[in-house]
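Remarks on the structure that follows.
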Amino acid sequence: MLMCIVDVSLEARNEPAMISRAGSRWGLVLIALSLAGCGKEARTLTADLPQTPPHGRDDPRIPKYQNNAYQIAQGGRYFGWYGCGDCHAAGASGVLDLGDGRWRHGSSFDQVYRVIAHGHPGELAHYGDRIPTEQLWQVTAYVRNLPQVPTDKRRRQDHDAQGEPTGGTWSGAKR
Amino acid sequence: MRRGLAFLLLLGGCAGQQTPLAPGGEQAASLFTLFGLMMAVTSVFYVLVLGFLGWAAWRARGHWSRGAAPVVEPDDVGLSRSLVVWAALIIAGLFLLVGGSFVAERALASARAREALQVSVTGHQWWWRIQYRDPATGAVVETANELHLPVGRTARIELGAADVIHSFWVPNLSGKLDMIPGRANSVDITPRQLGWFRGQCAEFCGAQHAHMAFSVKVDTPAEFAAWLAAQARPAATPADAAAARGQRVVVGGQCAMCHVIRGTAAGGRAGPDLTHIGSRRTLAAGTLVNTRGGMQGWIAHPQAIKPGTMMPPVALDPADADAVSRYLESLK
Amino acid sequence: MSTAPDPVAAAAAAYTDQLASVWSDAPGLWGFLTTVNHKRIAARYILAVVALMFLAGMLALDMRLQLSQPNLNRMDPQLYNESFSLHGSTMLFLVSVPVMEAMAIWLVPLMLGQRNLAFPRLGAFSFWLYLGGVLMLWVPHELGITPDLGWFEYPPLSGPTYSPGHRADIWAQMITFTEVAALAASVNIVATILKMRPPGMTLARMPLFLWAMLITSLMTMVALPAVMLVTSMLIADRLVSTHFFVPAGGGDPVLFQHLFWFFGHPEVYIIFIPATGFVTAIVETFSRRSVFGHTALVLSVISIAVLAFGLWVHHMFAVGLPRLGNDFYTAASMAIAVPAGVQIFCWIATIWSGRPRFATPLLWVAGFIMTFVIGGLSGIMTASAPLDLQLTDTYFIVAHLHYVLIGGAIFPLLGAFCYWYPKATGRMMSERWGVIAFLLIVGGFNLGFFPMHVLGLEGMPRRVYTYGPEMGWGTLNLVATIGSTIAILGGLVFVANAFLSQWWGRPAGANPWGGATLEWAAPSPPPPHNFDHTPVVDSLTPMWTAGGTLNVMDGLGLEKREVLITSVIDAVPQYRQKSPEPSLWPLIAGLAVTMMFVGSIFTPWAIVWGAIPIAASLTMWFWPQRERRPSGPMRGRLR
Amino acid sequence: MTDAIATRRVGSLSGLPESAEGARHLVWWGNIGFMMIEGTGFVLAAGVYLYLRSQSHGWPTAGAHLPDLMWSTIFTVGLVLSELPNLWVLKCARTQNTRGVRIGTLVMTLIGVALAGLRWMELQHLNAPWYESAYGSVVWMLMVLHTSHVVTDLGDTGVQSAWLFTHAIGDDQFADVEDNANYWTFVVLAWLPIYFMIYWLPRLG
């Protein structure tokens, strides 16, 4: 329980909206959040399938992805496999840099989801129907979490996944 | 010798497709002989130990329950001498076993010098990517979860890992060897017996470590060449309307993001190569028998079959699902 | 009392009461939290271990039920992976090593005729840290954040990419916890055995259990830093992005395996060698003769300890290291069969040439020999590098490790429990239920785990949560499940026997078995100060050569706690050391270290800020109690 | 209690002293025990350095640079020189020289603070961040390992000095000063091979 409270307090730091809304009911929220905090570590392998995209900013399914380390990590792997990492790499600049915390089309979950699914220009516009819905949820959760990931941690994770395929290429296991 | 040992160990499925006790390869055969030597030597020592213990207990059978006055520092000249004999016996037994190990090691190492068929196998989280070199064009021929080897010829399997540590193990043919990111391991296999064998990952690699198996078919050299030539060819064009519809769904839909079907626009590299999926014996790395029903089930609900697998569920309406399975089965 | 109280007896009783009051703790919870009494600390360890053994046993039963038939879905892979990780980590880090230390913490002072360990507060601190380690693993388990990567957690699977969240960190910090506790305990035991032996107990007259504990503690002090270093490196890789285990950055995943197994193999001997001490003590007492080949046994224990550090690579034969290296490790791994064989010979020869009385402790030794030798011989098979390529990571290894750990360490532990239970509680355990528990446990264990040898030879890999029906492993797995259930049932009978005998057992008196070593000179249960006077030793078996009256020396302090310090080789009395009073600071220091370890999972800064409360609590712990300074610039003004 | 074995008094321990120094003292052995543990940790960490060096192509790996020699050499010389006052404090503890022990521990504390400052400067000039490569990681691991020992022993000496100034010193406290001095010698000796390995081996090898 201690860990979850510490976990939540760290998390609350980077969600300003949560603190202002809590106001006087801080104790109650803290306990509720500490339970949610444990959700961060839950690892439900067979996630129930949200066949539909998120409807609005407060879709109840969002925390199950945005606040779950496993779902974010899965999003990261598909982010690599689907080739998103080719353009949105760690060192990308300008609009391609997903880690700078600036969102041109809005930072809420459903807005980022819509950009990934339908916002890409030209022949990349097919992600909406070429990537299964659950994977879009996971990739969205990963992308929205990127600003919290320090650059050296992201580089370290990219080094670990160097042997993995990216989009249409696979350069072979690093031997 | 094998039947004797099998009987000794009261084995049920020893003649199975995944056991070191039914060697079908040169390497597994020398290890099986070494195992026989080990069983013999260790059984002798165990019988001796139990014998001494039983004898010691039987000698005092008269008064097992009554305590007696203790004897301090009795002279044990006889026992000291027998201790030296016992230690010598152990050392002799060990020399026998260490010698046997070195002989077996040399037998395994001798394959290193032979000209060998180059195959590269890469471990992914929870399936095997297998690549041959097409003898005609030199291009890489990729398949997955099914390894074909020509009988009698040594194959040098280059082992790599794309994500975490796995371990390549076909017990009927040879010992296992780990697949470690950043390390160039290779194992030599010289099959002697035709037929199907089964290999399984032997290093814990995450949620679906239990369902990371692969089939091994030892063919005659002619069969092997025919099989490799078939694998090198691009995918067959769909013969009937249903298969054509299936191809449109696969190539235009979600499958193409992760799978490649040579000869079509599907070019994703994240998942196994499906160019000749129809010719494979199993699906999902040895989890399902390759049938159309199995194929549809795996596409619609992979999490039910392999909970935690990275294969996403692809929701298709029944007609498309049926067409897709017909098309994939047609890719012999 | 018809006759007038005998004045001499009255004076002796007053002397004992005075000593008992000086050495006893405060009553109630405060006494419980501040005690430095080695017996109370050892009792806590053992109670925690029994509870954890039950919990980990239930996990094992869960896994056996899941594997009893093909394709069962009683557990999904995530739950199964959590179960075997928790089972392995708990049994090795939280049960086996601590229980051997607990037996040492309880027994070493008694066997030395001493009143307490060398560093009593360090003993208390090591328990509180161990308890922190237990909570560190089991509280997250209750919260559903159980580590799920096995008891070894190889990177890259345990790296930042393939193991998101904090599960791997929880495992890594639990290890740092329990290893600091184990290191503290071993320093304590080494100092006690080297510097606090009774007058006359030269190294040549030291019973084998003390040799075993001395060597185990020295091994601990050299092996455990390796696992603490490697888990800290893993946490650094996960939290501050160091590149120890990632090939792309110049690191190497095999480095983790080298460091882990450099600790891993000595650790299993750290668990086994104390058991040789138990077996020797039991065999000596129940064969009614001093053990045959005492010197051979001591040399065997020493050579096992030295060899243990030279053969860790036999856990890595399938990694693909150079073949010549593997052959060297084959020879080194097989060489350990010589000292082990010598030990087995000496024990059987003692029974053979004595007049053995097969009470439950000697039954357990017989069970140990029958079971452990199978484990030792299967170990010889896996020691061969080529053959290990077929055997490693299969159920053959699961069978081997259980035969050498349960057969080689837990059976002697259960025998030791029956043997020293009367000393600890003053009552005998029931022989009838002891034999029933023995038959159930040894029979169930062999029925459960011998088929696993065959399963491994039939190609069943380790750590698989299920298997297909076509593999033909169903029947043997069912037999294994039935056997394991019987063994656990036997375990419950044993614990029930131990628990109920505290009230229903026959009163035991000081030396119910006619033992030879000094702990049988103390009353049962021993008072807080163990011995009224300091016994003098003149042989390996003091109680037998004392002939009814034990030579003792008095003169240790009566008003304050004192222990005798003697020379290392010949145990010549040197001086009387003041023994620390009970104190809460070890508990507070333990809490401070717990805070630091828990915090360091979330932010490396926790180590920096966490160090301040630790420094403060350690300062108060070691703050000497002496009067203020009478003269000079800083004299007493601070009062 | 009834049937405990009868005892016969054959001597008394009351004549024994109540303290000792050097290897006769119990706490000395505890100190040696912890030095053995931390020594093993240093040896293994050095082993990790040499292992990673043998595995990698270039050492230091591409992108990382060799650490500067200036601050580290000043620190090392300072550390070795600090052994002189340290041995003096040891002698004072052995001869139970109350004033010498108080002054000595104060001096050692000040030297410790100075060395900690030098070590801070040294850490700024390692030229290889720990998150860049395995080389940086292992160099920083060794530095953090040794620095933690310098800081802990500095803190220990400081607290000891404060206590000595404010209390009447007994024999056991002289033994404590002796153990702390021995521990500082261990910290100095542990640094020398690491210094050579980190700063000179890549340059010579």
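Letters A, B, C and D mark the chains as written, and numbering starts fresh at 1 in each.
Going forward, contacts are C-beta pairs under 8 Å (C-beta built on N, C-alpha and C of every residue); 3 or more make two chains touch, one makes a residue touch a chain.
As the structure is a computational prediction, the values presented were derived from the model and not from experiment.
Shared contacts of chain B and chain C, meaning chains that touch the two of them, come down to A. Farthest from chain D, judged by the mean position of CA atoms in each chain, is B. The interface with the greater count of contacting C-beta pairs, when A-C is set against A-D, is A-C. Between chain A and chain C the centroid-to-centroid distance comes to 45 Å (mean Cα coordinates, whole Å). Chain B and chain D, compared by their mean Cα positions, are separated by 51 Å.
The mean-CA centres of chain A and chain D are about 46 angstrom from one another, to the nearest whole unit.
Measuring from the averaged C-alpha position of chain A to that of chain B gives a distance of 37 Å.
Touching of two or more other chains is recorded for residues 45-46, 152-153, 155-156, 161, 174 of chain A. Residue positions 76-78, 156, 162, 237, 241, 243, 246-249, 252 of chain C are each in touch with at least two other chains.
Across the assembly, chain B contributes 163, 181-183, 207, 307-308 as residues in contact with two or more other chains. Contacting chain pairs (ordered by label): A-B, A-C, A-D, B-C, C-D.
Chain contact summary for the complex, chain B toward chain A: residues 120, 122-123, 158, 160-163, 179, 181-184, 207, 253-254, 256-258, 260, 267-270, 303-304, 307-308, 310, 312-315. If you check the complex, the residues on chain D that touch chain C are 1-20, 24-26, 29-30, 33-34, 36-38, 40-41, 44-45, 48, 51-52, 55-56, 61, 130-138, 140-141, 155, 159, 163, 165-170, 172-173, 176. Those residues of chain A that touch chain C in the shared complex are 1-4, 6-7, 10, 38, 40-46, 69-70, 72-73, 76, 150, 152-153, 155-157, 159-162, 174.
Across the complex, chain D is touched by residues 152-153, 155-156 of chain A.
Those residues of chain C that touch chain D in the shared complex are 118-119, 122, 183, 186-188, 190-191, 194-196, 199, 221-222, 224-226, 228-229, 233, 236-237, 240-244, 246, 249-252, 255, 258-259, 262, 509-511, 520-523, 532-536, 543, 546, 548-556, 562, 564-565, 567, 573-578, 615, 619, 623-624, 626-630, 633-634, 638.
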